[in-house]
Structures are given as C-alpha cells and as structure tokens.
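The following pair of complexes shares a single chain, subunit A, combined with subunit B in the former and subunit C in the latter.
For the complex of A and B:
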C-alpha cells in the first residue's frame, strides 16, 4: 500500500506553473526523499498532500483519504514539520507541548520526555527566544511525540548547524517504527538524506525526473573509466545511457546510467576493443551532479 | 557508541558495509563472544541509516550465525565455531580480489604486495 499517492497533480500560482502533471507514490514503510533545487515544486507538492493547498488539477491521497478531505482524525496520525511553519511564538516549549498533547490520542509521554532531554530543549523558554535549530527541534518534538504513522518533513535541515541536524535525525529515528512507519522528507541537498532514504524522487521545474528505490538507483549508475591502449577512436554510436562523456589522450570517462555488468562490458568491448575498463560505484550526490551536468532526460518510471 | 569501528563509504550498499565491518570486528576480537550487540534502533541512530536497513543488517547477522538473539536480552555475539576458518578466510575474498586488481593496475609484483602485507600484519600485531 502507498502512504501517499499523487495522480496527475498540476498547480499554478497565477500564471506560473509550480507542478506539472505530477504522479508520485510514496510506499508505506519507506523513507522517501523528495529532492530538487529550490523552486522545483517540492513545497507545493507537500502543501497539496497536507491539504494546505488545493491543486489546479489532479488528486492526492494520503493514508487512503483524499487529501482535500483530511480531517482531525487523519492529522492525528500525520506529523508535519516545515521550514516555514507558523508556531505560536508567545508560548514556551512546555506550553506548546501542553497545548498539542490533548489533540493526539496516541501521545506518548515517555517519548516526549526522552526527546525533550535528547534535544536539550529549555522547556521554560518562549519559542520566540529559541534559535532556529531549537525551534525546529521543538516543532519536531511536537510532531513526533504521538508516534505518527506518516511523518512529512519539508526542508527540515536548512539553516541547521551540524549538531542540531544530528539531534534532528536521531530524534526522527528514535520515533521510528519498523514496518508501517513512513517518512517523506524534502531537501535540496542530496547528501543530507543519502543514508536515510530508501526511495528517491527528483523534481525539476515542477516535473518528476524519476522516482525509484535508492538501491536500484545506486545499482544502475557507474562511473566508467576506459584506458584505450590504442589511438583508435571509439567505434559506433554511443548508447543513450552513457552520460557526461569526457575524452582525453588515451582515456575516456563517462557515466553509465543503465549499468548491468555483462551488458555494459559487452557494450564497452564493442566500442573499445583492447581497452581496460573499470566501473566505479557512485554516491547519490555524484549521480545527481552527473545527471544535472548531462542535462538529459533520464526519466524512468517508478521501480516499485 | 557502536562497539565496532566502521566508516561508511558513499555509493556502496550500506548493509553490506556494516555486515562486513561487524564480521571483521568479530574476527579481530573487537567484538567478543557473549558481548551484547546494539539494537536495531541504536544501530540506525548511530549510523544515521534507515531503520529498515538496520533491521536487515541485524537479521542477516543472526541468519549467518554471527549474532544470537535471546528474547529478553536482545542480540549477543555468538561463539564462533572452531571449524569455520575457511568461512572466515572467505570473508576476505572480495577485499583480496580488490587488492590484487589495484596492485596489478599499479604494476606491482606479488613479492612487493606480500612485503607490504607483511609490514601491515606486523604493525597490527596478533591478538
């Protein structure tokens, strides 16, 4: 089952199209990273999911319910923390928690206490006097203490120092439940979510470039290095899956975006008969950079 | 803190890297039989990895007999069977292959590689 399903969502702000025909599924139990540059449409997509924005077209379903009909009982199962969240700044941390607690039947006081200590939050200080990192941790705490089934984090790490970021990730993992616990996290920085995410989707200019499991993405990308051992130019056309082509004297380097050991070796042998070929695994970050550089359409439907 | 050393390299499957690091720690005596092994949650928090991945790691280590799960205590490091030297040598297979490939690329001889190995071996001592 999918925790979130977007079907053909388009959204326009006046004349600007923020999302174009976006179809996306976040499987239940996944930690799903929604990546893209600033302005790619991540926040708009999340606002549609959270019923904060009615899309110009399309349907969003969250935990099985049409997002435009999400009600109190649904939001009691959803945690939402956003970079630009409005919080009652006149309240102290303690007052914020006292205020939130009654709304959630599943509020876990033990987890609340544990996170409060772990986050090192001053419970008597007013929110308006907290640093950005502290404020984000307070917002996270008020969204984690009821162990939500679905946690939605919109750019949670932006502007956080490394220590606050570390606290934040630990907090999220403290509340994790194996199996049905789903996390959607948006970020413009792939490195922040590289280890956590088991699914990755990339938005560019309001359009989905791809959505697939981290495993399949890491599996199909390799940085290839070829020592030609001869001066002959490569024979034949280059496969479309070869990106970021670079050649210098006696050496060729490129990124294979559809790597399969035998098929890639075969394709290399055909084009560089006596060359030494090496394939290096790539990090998500390297993959994203090479995709951006190649600037080509590598659309692949969800590998779910 | 985790009771074994690991430095995750980006790009390689995380589960494989951690499983390998744990097995290495057991062979090296850093993890001793009977020693408690951290829970899935702790593994995931310490390494900042997906809890599903941490779960997969612990399950694989149990399945491979490296850890034993006891209901009340959690996981502990298993007594290593005496006859599994071959299995332990196999652990190094992939690393050895990588070493040989790198050495050949650099044009080193087997003697030079052996000498380098011996030097490192001595440096670490034998515990």
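For the complex of A and C:
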C-alpha cells in the first residue's frame, strides 16, 4: 500500500518543464527522501501532491485520494512543513496551536504538550520573533500534534544552522517514534536525510533517476580503488554502471553503481588483470555527488 | 459553523489594532457631532466650520475599511502556493464564508452598533434607525466591494492598490473618451440622461456581480487566471454597455416614484382639499440655451391657487395657510404628438417663497406678486428642447406635489441659552442669545435626520415636521422688525444633519449699519421672541394642464465666469 502515488506527472511553468513523466510511489510507513539538486523539481512534485499546483498531465494520489480533490478530511490526515510556507507570524506559538487545534479531530493535547517541551519552544513568543529553526519547529509541531498519517517536509533544513538542523532532525526522529506515519522529506541536504530516510528517490531535471530503499541504494554503490601494477589502459569497454571515473598515475578510482561482490570483482579482473582492487562503502552524500557529476558528464558529452 | 467562526475570530484578532483605530475614528466623528449639538454658541461659526472639516476628515478615515478589506483577504492569500491555510483542513468555501461573515460583522454590524447610541440620542425612531443603518452598511459595502475587486487575485498591497486605481481610472475614462469621440464623429449630442442613467446602473450592476463572482470563483477554485479573466471581461462589458447601451430603463423615474411614495408616507395619495382651486398657467418664460447655467434652457411656469386662507393669524405675519410644493413632474406635448418629460425643480420658486413667513421688509410688503395663490415652477430644459421653443409651442402638464401647512400657534420663547424644542429626530436649540445695542443676536443649533435615501432624487422631497420660525413681537402680539442671517453652516454626521445659524433680530426696520438709537433700543427691550408654528395638514398631488402656453423668450442670465 502506498501513501503517495504519482503516475506520469508532467508539470510545465509556461514553456519550462519542471517535471517530466514522473512516476513515483511512497510506501506507507516509510520515511521517504526526495533528493535532487536545486531546480530538480522536488518542490514542484510536492506541490502537485498537496494540490498547490495542478499537473499539466498525469495523476497524483495521496492517501488514496486524487490530489486535485484533496479536501478538509484529507488534509486533517496530512502534515505539511515547508521552508516557503507563510505562517501567521503575528501569532504566538500558543495562538498558532490554539488556532490549528479545532481543525483536527485527532489532535492530541498530550502529544502537543510533549512536543512543545521536547522542541523547547517558547509558547508565548510571537512567531515573527522566533529564529528560523524555532519557526520550523513550531510549524513541525503544528503538523505533528494530530498524528498525521502522512508528514510532508519540503526542504525543512534550508537556512538552518547545523545546531538547528540537528534539533530538527532529532525532533522528527523522536516524533516518528511516537506514531506510525509516512514521512516524505525533500531536500538537497543529503547528510541530514541519511539519518532519517529508509527510502530514497533522486530527481534530476524533473525526471526520476531512481527510487529505492536506502539499504539497497547503499548496498549497490561502492567507491572502487584500483592500484595498477602496469600503465596499461583497461582492456575492453567500461561498464555503464561505472561512474565518476578518475585516473592518475598507477591508480584508478570510480564509483560502481551496481555493486555485486563477485560480479564487480570479475569485471575488474577482466579489465585490470594485475591490479589490486578495493571496494569502499559510500555515504548517501557521496552517492548523490557521484550521480550529480555523472549527470553533468552525460549532459556535456551529449552537448559535445 | 463553529470552524468558520473560529476563522472569523482569528481574523478579528489579527486585525484588532487597525480595527480598534477604525472604531475610534467613528467614535471620534460622533463625538464631534455631540460637541456640535451641545455647543454653547459662543465658540463662533468658525469653530463650527473647523469641527465640520475635522468630522469630514474622520469620515474620510473611515474608508480605511478599503485597506482593511485587502488586509483581511491577504491574511489568508488566495494567490501563490505558500499560504498556510492551503495545506490545512480549511476549504475555500469555508474560508469564503468566514471572510464574508467577518466583513458583514465588521463593516455591516459594527458601525451600526457603534452609531446606534448616537441615533438614539438624536431621537431617531425605529424607522429612521433602520434607514440610517441600511445607509451606513451600504456605504461601507460599497467601499468593501472596491477592496474586494482585486485583493483576491493579486499578491501584496502594492499590486492591489495599483490595479484598483488603474481600474477606477481607466474604465470611466475609456467610456467617456469613446462617447466623446463618437459624438464628435457622428455630430450627435450623445445619449440622453435617462439612457446614461440606465448605462450607469447596468454598469454598476455588472461591476458588483463581477467583483462578487470573481471573488467566489477564486475562493472555490483558486484559479487566478480565470478569475482575472472574469474581472477583465466584465470591465470590457462595462465599457461596452457604457458606450453602446441604447435603451432608457426609466430608472430615474422609478426611483422618483418610489421616493414620492415614501415621501407621501402618512399622507398617502390624498386628493387636493376641496376648497382649493388650481388654475392653469398664465404664461411661460423660456431662456437659453447659453448663459450662466451652461447649455440648458429654463422654462418658468406660473400658476394660481384659489381658496387658500390668506388671513394673517398674527399681525405682521404670513397667512393662515401655506402651500409648499416639494416636488414636481412636468411633460411637454409637442404639436407632432411627441411627449417629452422634463425636469421640474419645484422647490425653487414656490418653496422659497412659501418659506418666507417673517415680517416683510418694507420694500417687499408692497410687492403684490407675493399675494397668496400665485406660484412659479422652474423647469430645466435640454438644449434641443429649449431651441425647439423658438418654432413650436407645446402643451404642458405639471404634476405638483404639495403639502398644506396650517398656522398652529404663536408662543413666546425665552431668548436665553438652552431654550429647546424637539420633535422626534428634529430639534432646535437657542445655544446663545445676546443683546447688543438695538440688536438681539441668537445662535440656533438645529438637528434633523438627514438620511441618504432622501437625497436620492436630488434633494429632500418633503422635510418632515412642522415649520417653526422665530420672530420678535410687541405686546400686542404683532410681529415687529426684521431679522438678518449673520451666518449659517451645516454638516452631516452619522446621517444626522446639524446646522448652526446666527440670526440678528431688530425691533425696527432700520438697516444694520445704522447707529443704534434709543428708540430702537427701547423697542427691542419691549419686544419678546415668539415661535410661529405651522403644522402639516395635507399632502397631495395636483395636475395642472395648459393646452397652449403663452411663451415669452427672455435672455439667459449672462455667464461672466472665465
């Protein structure tokens, strides 16, 4: 069962295509990270999901409802926090919570109190006097206290200092332990996402590069280092799964994006018969950078 | 409904300071009204004038409601993708209901509630309060509609103000320019007044429908481009109607008929008293086109009434009965059978003369044309009609709307500060009285309901209540001397008309500039101030026909203005 399903979503801003034929599924109960560089289409995709934008083509379903028909009862089950959201800054934190509470039948005052203490938010301070990190936490609190089935976080770390990021991530992690909900988080801040996500999707230029579990992703990417005993060039064509190729005197490094111990070792032995090959696990951030570089290389070569 | 009310309360909290300021402005304006009504008369008319200006400025500040409306809408923006409410369990329909409730409460109910004590204090009855409340709410509704025109479909105050100003300027300018251009091109005189009235009414109706339609559409669909298209298309339609609508819908006539029925009020459709006989016109004078009144010509109609009681119940005063014409309709039937309605300004002429009930100055006392029963009605003529009089003589029908006033009493009034007379919402107070030489100077402060509905037809059709005039009388109850108006100012605060009038009374007919004489001073000391009261005894309409006017052409009053 999927909390979110996007099927062939395309969205154009006038002549600019922000999303192209995007098909994506966010499994229920997952913490799903939507990654991509700036302008990749993450926010557009989320806005389509939240019915803030109408897709030019395709269908988005959120919690089983066509996103263009999301109504009051649907939004009562969805939490949404975005860096761009215009909060009513004239309100105090307490007033914000008081305002939101009646709209949600499932609002849990005990959870509200717990989160308020956990996030260390000054309830009598106006939102306009809060720091950016505090403001995001206030928005998160107002989106968690009713135990939403789906929590959507759009670039929540943007503009936050490291301490505030850490606080925020910890807040989400702690909150996620309190209930069974699906979390969709979009970000270009891969390190923070790595701590949160069990599913990852990468958008590039409005197109989906991949979508899989973090475990599988981390499992199939390795940084390979090859110490060459001769100066001979690698024999034969290089596999397409080898990315970010870097060669220096006596040494070659690349990223294997389809790592399988035996198969990869065999492929290396075929191309570097006398070489010593080492495989290093990669972080999500390193994978992200490798893929971004590889994408640029493709663009450059196709342009050439 | 509770969630809708929850949003209303949130918006009330959000705008509490501007709203507080707005209410303060209303209260301050009414406070000025109370100060004016309770003035002791020594402040001088310039003080009254300053207070009047201040009250008008405060009344202008009330139109801050225009900006408050935009602030309310922009509090939960409908444009863009970042509004807080859009991802909360708040539907557009609920938000729309909440905003409309807020607008109704704040700009409909609140000013009425704030002004209610003022109306009650001014002696308004339930009927007057209902009209005053409707007028207050309607004025604010018009301002709110302006605020609603662009605020749901644009982001930020800057764009809202810019587009509102552009629209308010562009549409009338475009209509006016096209009409002027067409008139010039076709060598025509342009649309008639009734057609223009129909165009304006239709244009206004389209504007209201478009503003509300676009607002509702935007709230329910959030499709900004379509809402803007609706507004722009309606603006185009308004221009089209303003330029090309060919039919008169007799809106002006309908409004007048309704106003007459309202004015008839407690005197519905009465026939003329049997002892009054009306005779047709003796002659007509036509002036124009040209002269001081622009291109319009003037038709002066004279007619007679017999049977009016012209005895003088008070020696030196006017007649026992007065006939006051408060409105009139006139139509001309030309030899070719065409019947043309023309605007009759009945209040000038008969109205002003009939109001003259003071002791006549020497020179006027001998003027025989003031004899009872001779009336004059002035009729405005369109230029083409005025020119037609040169070659043709029409038959004329005048329907005069009249009220018969009957002398009631003459009672002494103590010429001291504070003397007060009130009937319902109308009151009259001697704020200050002072004898200086041979002159008694009195400052009157008057109050009367001044409802906008009475001005719809261009003026108050029938002022309510009795006519009371103050005069000096000697011991034999003979009105003596004369009075002269020193100053007179009027203002209107919260639908209540307030006037300040200073009259200088003398027991002799000597000019003001003359040096006081002992005889005149003694005459003043021997005289007392009396109030002469006439009450209304009948209100009726009378049709007066003339099959062949005797037309005399007179030169229009020259226009010396640059």
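Heads up, the rule we're going with is that the second predicted complex is superposed on the first by the 290 of 304 C-alpha atoms of A that agree within 3 Å, B and C clash if a C-alpha of one lies under 4 Å from a C-alpha of the other, contacts with A are read in each partner's own complex, and residues count from 1 in each chain.
To be clear about the criterion, contacts are C-beta pairs under 8 Å (C-beta built on N, C-alpha and C of every residue); 3 or more make two chains touch, one makes a residue touch a chain.
Since we're looking at a predicted model, the values are computed, not measured.
Engineer: Between subunit B and subunit C, whom does A:103 touch in the aligned arrangement: first, second, both, or neither?
Structural biologist: The answer is second: A:103 touches subunit C but not subunit B.
Engineer: Which partner does A:31 reach: the first (subunit B), the second (subunit C), both, or neither?
Structural biologist: first
Engineer: Under the stated touch criterion, which partner chain does A:245 make contact with: subunit B (first), subunit C (second), both, or neither?
Structural biologist: Touch status of A:245: no partner.
Engineer: Tell me which partner A:13 touches in the superposition: subunit B (first), subunit C (second), both or neither.
Structural biologist: In the superposition, A:13 touches no partner, neither subunit B nor subunit C.
Engineer: Show me the subunit A residues, by the header's touch rule, that subunit B contacts in one structure and subunit C contacts in the other.
Structural biologist: Looking at subunit A, the two contact sets are disjoint.
Engineer: Quick check: in the complex, which residue numbers of subunit C touch subunit A?
Structural biologist: Result: residues 2-3, 6, 10, 13-14, 75, 77, 81-84, 86-91, 94 of subunit C touch subunit A.
Engineer: Could you pull out which subunit A residues touch subunit B in their complex?
Structural biologist: Against subunit B, subunit A makes touches at 29, 31, 166, 169-170, 173-174, 176, 178, 181, 194-198, 215, 218, 280-286.
Engineer: Any idea which subunit A residues touch subunit C in the complex?
Structural biologist: That would be residues 47, 50-53, 71-76, 78, 80, 82, 84-88, 90, 95, 99-100, 102-104 of subunit A.
Engineer: Can you list the subunit B residues touching subunit A in their complex?
Structural biologist: 8, 10-14, 40-41, 44-45, 47-53, 55
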